């Protein structure tokens, strides 16, 4: 797929997440792998409104997070996208800010366990509801470049996780391509609301 | 109605359920009877995103669940659709995964009772709010072929039920045609949210 | 306005109520005065899906509730519409079934009091938030023709009410024209959710 | 930008707020600065339905709140818009009525504190989640002209606030332009729901 097609699809995914309330305002950032060798990502630029996201607001970056073309600054969380793409062989990485992921990541728990729901089968490789998904929670920071090793060790320590939360911040999830990553957002957001309502929020 | 028209209508129903949050990701499956003798069903294929469901993702199956045409594998829950079509003379069967049906089917209750709501009159044959609808809850499994007899005896034991829940999984409902089945989804999902909020979820 | 225009506008109002979840399935019914002398109402027919409501599903009735033209049976609750049009000089009457109006009309309270909200100013004639709106609750029945006197005395006893609830059933509200009645639905549904959430539902 | 373009954009913002449920019925009012010297605002007229808001329902006012053109009466809360434009050098002021802002402004608290959420970075000038946003709550009134000094001293006393609430009424927020103000609405409404759900509403 060409960069232009990828950028157009990323913009559609972003607008759909905004419509659901998962990327209000300028929140959230979205990327997809444009090439593996050399590594090139299409990624949303910083500070753009997701409700009006267009392909022109997607830039190309290299494996060090440097912009290779397009206008605008790549998202400040570019190091997270690169770490995920490398550790999981992901084709797309989606980061959303929803009410329920924010509520579930309050407090000091190390993660959220979700088990025995049929909906878990929407996660790649999960074949039965008798599955326990553990979504670790990472502490929030404003220096994701420095936090790179922390993200890499979390991804290495939790090889089965389909996503992770950042405390009072939101969800990172991914997939082999953009459709799989968007499906993971839908599945996980559904499960967050179920778990959140069970907790009585 | 031709198979092509039926497939197109099923795709629209699926996208509407997705828009309401009742079939996020690849969850849910939908069928309609294309012919009675011999029995032929139009049914969604496995693993397709309901938000982008198209008529091309609907296949024709026979009374043994074998694909008769179209691309893709029929839903793994095809035996449930066939059992319902036979037991209830249904023209369409809809299976959704919603937040509230998931929450109501938690725990170990044998079913959910809903009574004295005007909205119950949206269910086929119900003429008054002074009605008690009992939706049995079936334990979840990944082997619906083996669970066939369990489903058949549940349908026989509860001849008045307009639907049933599967534990932490979702709703099955049906109707004489696709419009009636979709109306049953809307009515039951409404009532699940009312009952769920009364329980304090 | 011609009957055809009125029917088209009623169909749009119905579809908007369905989109908000206030008239799921076949629930709800909607009318507007086509002429005062002799009295003629445009009103939704019985058992039609509000999500696909069209002008062809609206019939004309006279002051006794008899169909004057169009196909389909007028709503079973036609006597309520006629009583309201007469008692309140209303130009339109809207009846919705929402989650929050259903929850607020549970139990045995004689009505719901809503006061001191700015949003109350959206109700006709209310000039300040320092207003107490009392929405009486009528017991549900399946014989609205026989219940006519009960409805008339309620409307006479509560001359300031902008609407009323039916127990575990829904809301009736009205206005001098269709736009005013639709505004009342939006204002009251908003307030029901506020009051319902305060009660902890 | 011409007045006509500004009016068209304000109408779109209003319809989007209505779609989210933040400006149901005739609630809410919206303005943008058309010129600074002399001061001219484009502002919604009183009593118009936000779901069908059009550019023709936007009027131009001067720095004293007098209509300079267009049909309809400027919003009764025009003095609030002018006070904010002057105190904050805002290019646009948006006032919404949402469920969660209404619930959070119940009781007698002097304001709402929101801290440590990543989403706070959507507010102008906020660079880290380690931020405490204090939204003061103003008592409601029907005489905003007389309340002018009260609004001015609140804005002077809370120079860092990105918005304020009016008791049981709604939110005022603003931005350097209409896009920034709309982003502030989305960010703050998101945070109100998070805080409201944490409180158990």
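Should a chain be cited, it is by its letter among A, B, C and D, assigned in written order, with residues numbered from 1 in that chain.
Heads up, the rule we're going with is that a contact is a pair of C-beta atoms (placed from the backbone, for glycine too) under 8 Å apart; a residue touches a chain by one contact, two chains touch by 3 or more.
As the structure is a computational prediction, the values presented were derived from the model and not from experiment.
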### Query
Going only between touching chains, how few steps reach chain C from chain A?
2
### Task
Enter the angle, 0 to 180° in steps of 5, of the rotation superposing CA atoms of chain B on those of chain C.
90
### Summary
Across the interface between the identical copies chain A and chain D, with over half of residue numbers shared counting as same and under half as different, the residues used are different
### Summary
Cα centre of chain A to Cα centre of chain B, whole Å, reads 32
### Centroid distance [mean C-alpha coordinates] between chain D and chain B, Å
45
### Query
Which residues of chain C are in contact with two or more other chains?
200
### Message
Run through the chains and report each pair that touches.
### Response
A-B, A-D, B-C, C-D
### Summary
Residue set of chain B touching chain C in the complex reads 16, 116-119, 122, 127-130, 179, 182-184, 186-187, 189-190, 193-194, 197-198, 200
### Query
Which chain D residues qualify as touching chain C in the complex?
21, 24-27, 49, 51, 97, 99, 102-103, 106, 140, 142, 166, 168-170, 196, 200-201
